[in-house]
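Chains here go by letter, A, B, C and D, matching the order in which they are written, and residues are numbered from 1 within each.
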Amino acid sequence: MSTTATQAFAGAGAANDNRTAEERVEGAMGAFARSFGATVAWNMESCIHCGMCADACHFYIATGDAKYTPIWKAEMFKRAFRRESGAFAPFFKVLGLKKKVTLKDLEEWQELLFDSCNMCGRCSLICPMGLEVAELIEIGRRGMYEAGLAPKELADRAALQAETGVPEEVEKPYAELLKEIGEKHGVDVVLDKAKADIMVCAPRNDLNRNPSSVAAMVKVLNKLGADYTFRSDAIVAENYGYYAGSNGLQKKIAKRVVDQAKKIGASLVLVPECGHAYYSLRWQAAELMGETLPFKVRHVTEYLAEQVEAGKLKLNKVDGLPTAFHDPCQIVRKGGVTEAPRTLMSELGVNLKEMFNHEGFSFCCAGGGGMNDIERTRPLRLKAQEVKLHEVDDTGAKRFLTSCSDCRVAFDDAGEHFNWDKKTESLVELVADNIKE
Amino acid sequence: MSILEFSRGPMLHFALLVFVFGVLWRLVAVLMLGFRKRYSEERNSNDKALMVGGATCGLRSWPHKEFIGRTAFGEAVGYGYHIGLFTIVLLGGPHVIFWQNLFGFSAPWWPTLPGGLITVVSVLTVILMLIATIRRYMHRPLRQISNFDDYFTLAILYAIMISGLWAVLGGPGRYEYILAAHIISFNLLLIWFPFGKLMHAFYIFPARFVNGYLHAKKGAAT
Amino acid sequence: MSGAIPLKVKSSPKGVTIGGGVKAIGFEILSYLERFLESGESAAIDMRGLPMAPNEYTELLEMLGQGELDLSLEMAGTTRIRETAFSGVWWIQHKGPDDRIQSEYIEINRIPEFLCAQTDQIEDAVRELSDRLRGAL
Amino acid sequence: MSKLKQRKDRPTIGQVMDEAGVGRRQFMKYCAGMTALMAMPPMATTAFAKQLRAARRPSVIYMPFQECTGCLESLTRSFAPSLESLIFDTISLDYNHTLQAAAGHAAEEARLEAMEENWGEYILIVDGSIPTKLNGMYGVSESHTFMEQLEQTAEGAAAIVAVGVCAAYGGVGAAYPNPTGAVGVADLIKNKPVINVPGCPPIPEVMTGTLVSFLANGVPDLDAHLRPRAFFGNTIHDRCYRRRFYDRGLFAKSFDDEGARNGWCLYELGCRGPTTYNACATIKWNGGAGWPVESGHGCIGCSEPGFWDQGGFYEPVTAKLFTERGESIAAAAAGVAVGAAAGLASKARKKKLASETE
């Protein structure tokens, strides 16, 4: 994880931002206005200020600080909504019942919307009024980006990824890196095949830090004899536009993957072990493109589970070590991939010990939503992770699995900080190591 | 025209008109913003999603076991006084007569609870409301997000409950002034209804339904 | 008071089970009786004001029972004054000429106020008696 | 009506009683009946009797205005002749055009004479509302409008007792649309103590009781509507024997259903008990024989101001008092229209905002 100097948030955001404060707020309102329709408006109208969403958010649970109340994170845009587009907008404006949102307000909210929210969606499950709180916060981020208030780390990476397809300066292009991984792990990587049924991406975190998990995926695909290929123009699975809150960049980044898939006539885009890559590609790409995509999108665990159920993939039984599995939020809670990992683990005979908060209700690894990349969020992140680590320990598990690279980055960092006795392993690697010959 | 006649005469009529006008105004204004088409490949069929949406309307009233540890007290108090309010309004003798008279139908089948029992329920409801109000002020997240609308709506509810109990328990003062106060505070509730959080009575089930529906489409947790 | 001559009771209060309403009135009478014993302050309970069901009325009668004195006067309708079985507790009932009860109350007193001679009447009596005696002499 | 000697030697009620051969205890018995009537503590009887005996035998002038004589009928009802006749013996009714033989000019003559003789001492009983439109032209007798007559007779009165809801608050005369501009006594006379004894008609015992309590203790304790609290202190509802059915939520739905036959509460049939202050539930009518609720009909609230205009007598106290002529449909349509307008406006703003910052 490339460390960056801690940035004072005021200066963050789009580098060449010479717009006036007023224009930047207008920008925020514009992005915000583009995002809501009746459903979002209905949500904003329904909030009864009951404060329960705080009880779902691990940052409030860990710190007890009221500012982390999820709906409070969307407060600025609720206020803007009342003034601009609510049923009584003119009255709110004329009578000044809701103060106009200022740039200073938005600056204060950057910490709430970016530094203390993984967009994990747990708050949406507790809301008694059925608000999609996570979506409101997502829209909040879009407004912040347009106001040039997205944290520098995320904004720069999103811009770079939109341009070059790679979210950071790399001395060696990922295509070469991918080939090297193949040679080093003795698997031949299929790259840039003209036509293929499956297009595969790789998480940049794994390319840099856990090449073995990329190799594992390749190994299983080769074993299955799948007609797949990587595409050097769309190797990276992540989508920093989603983190930074820029609809435009997220669309551009997703478009790169969609174009490549169309080019090679793929019927399936295989998302590797990466959380938000799955969510943004499976549930948001089509919406951004404004058309139904000509291919399916599956998380690698979904695909492998299908193969297992179809009998194409036979796995050996692993040892009976009690194992805990972390359900990545974007894949399981928000993405809906609940059964697949468990099908794989039962096929592997894993002695699974479910955590109290598991499947759709699991606590977030606190690294997602871009917080891994924002250095200044580390203290807060560690406080929330402590709660999670205890929960894992409580299961008495000796092995700890998950299926998302960002989560592993977060758990590695926390594990190092709390010198935790467990190491976070990838489910796909476990599968790859136990393919029955 | 005495204050009681005024309260159940022109003022009640005006309040009902404002209520109907305001509620429709607000609902239509929101619905006019339009629903966008969804393109993603759905995990569950439309029928299943509709079914899950329906289920969420009810299930979301009961906390999931993962949350109950933290929200049990808050929800018990909240749902407690809601149940109390519904019992009083729908099963309280004088109220039953009022609704039948207001909407111009007679329903001998409409069950009522004895007056004494309703009084007990009313006192309990007021106590629960007090706890909720104190909690709204003391509980940090709650206090942070509370605004004028929350406290004003509670104030109106207190006015109704206290004047109602006052009339039934025959507190000091003339009966018709207390009854007038009760009806006037109800009129206030009708007038404020569309412009404050009371609209959640209309919002709650569609909101839960849509939330459950969209989550089910993705197979996400509800 | 233990050695006092026991009252010959014409009808002792039957062991009737005392209903709630009657018991309340009973205790009220008891408190007035105790107060009368200490401060000599008399008191009365107006029967018409009490929302009593007919059966409670007879129940109260039975509970209080009948003492030695039972006067009835014909005076623009009958007035009946009865001493209850409990000394100091009197039952007074004024009926109009149409036999309609004009007033009815239980009085806790040494002797019902109604029977007492009034002071101004006694003053007249002093004058009249002295005139009579002087005149007669 | 015998012409009486000068004012100062008017006999006290005690003397009148002795002359009439009424025994002291018989007088005490009547006073006991009176204190019970006025819900005064029984032990107060002796004090009450003493004051009554000492009171001067008052002259009473009974002025009928816009009235139906129902109250006079009620006042002279002779159910309890001993009590009422006794009271009538104590007051010398110097003027009552219905009862007295004299009429026309002679009657006026007697009235003026009585007023002059007892100036400042007599009790003025007013029966009926006073029309005020066209400065009283709706009510004229003896070439004087009722307003003038009231003004004139009130001036010398010690106190005015407005008998019946018409005299007290305008009653049926003042009911909507009140063509004659009828008002109650207290609306015109501001400088004299006015005691309202409303009812349509009032209970006989309440009228006589008010008179006697005025004789004994002067103006009694009055409520906001100038009614003696002794009789108008509680609502019918508070003292109603059917109250327990109200509390248990058992209501008669029609006048001959099972509920009505079981004597359940008549709230649903429009009983005005809860908002009406009177003594019908305790003193009852026709010598204690019964009262409206006991006969199965709800109280119509006849002792309350403007009781004619408080909605149908058969609609519950909390019934709505407005007639819906489609206003709510209009309001709904308006709501949808304004909502649509607001929705379109915000959609337009949204498009403008979105396009500007694309």
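Quick notes on this structure:
Just so it is clear, contacts are C-beta pairs under 8 Å (C-beta built on N, C-alpha and C of every residue); 3 or more make two chains touch, one makes a residue touch a chain.
The chain list, named the UniProt way, goes like this: A = (Fe-S)-binding protein; B = Respiratory nitrate reductase subunit gamma; C = Hydrogenase expression/formation protein.
What you are looking at is a predicted structure, and each value in this text was computed from that prediction instead of being measured.
Chains making contact with chain A as well as with chain B: D.
Relative to the whole-protein C-alpha centroid, the nearest chain centroid is that of B. Across the two interfaces under comparison, B-D and C-D, the one joined by more C-beta contacts turns out to be B-D.
Per-chain Cα centroids separate chain B from chain D by 43 Å.
If you average the CA atoms of chain C and of chain D, the two centres end up 36 Å from each other. Look at where the CA atoms of chain B average out and do the same for chain C: the two points lie 60 Å apart.
The centroid of the Cα atoms in chain A and the matching centroid in chain C are 93 Å apart.
Each of the following residues of chain A touches two or more other chains: 36, 85-88.
The residues of chain B that reach two or more other chains are 25-26, 28-34, listed in rising order. The set of chain D residues that touch two or more partner chains comprises 339, 342-343, 346, 350. By the definition of touch given earlier, these chain pairs are in contact: A-B, A-D, B-D, C-D. Note for the complex: chain C touches chain D at residues 42-46, 48-49, 51, 73, 75-77, 79, 92, 94, 96-98, 100-105, 107, 113-114, 118, 120-121. Within the complex, the chain A residues that touch chain B are 36-39, 41-43, 45-46, 48-52, 54-56, 60-61, 64-67, 69, 71-72, 75, 85-88, 121, 124-132, 282-287, 289-293, 296-297, 332-338, 356-357, 359-361.
Per the touch definition, chain D reaches chain C in the complex via residues 23-26, 28-30, 32-33, 35-37, 39, 41-43, 45-46, 50, 79-83, 239, 241, 282, 287-288.
Residue ranges of chain A in contact with chain D, taken from their complex: 26-27, 29-31, 33-34, 36, 84-89, 146. Remark: chain D residues 224, 235, 237-238, 246-249, 251, 253, 267-268, 274-275, 277, 305-306, 309-311, 315-322, 324, 327-328, 331-332, 334-336, 338-340, 342-344, 346-347, 350 touch chain B in the complex.
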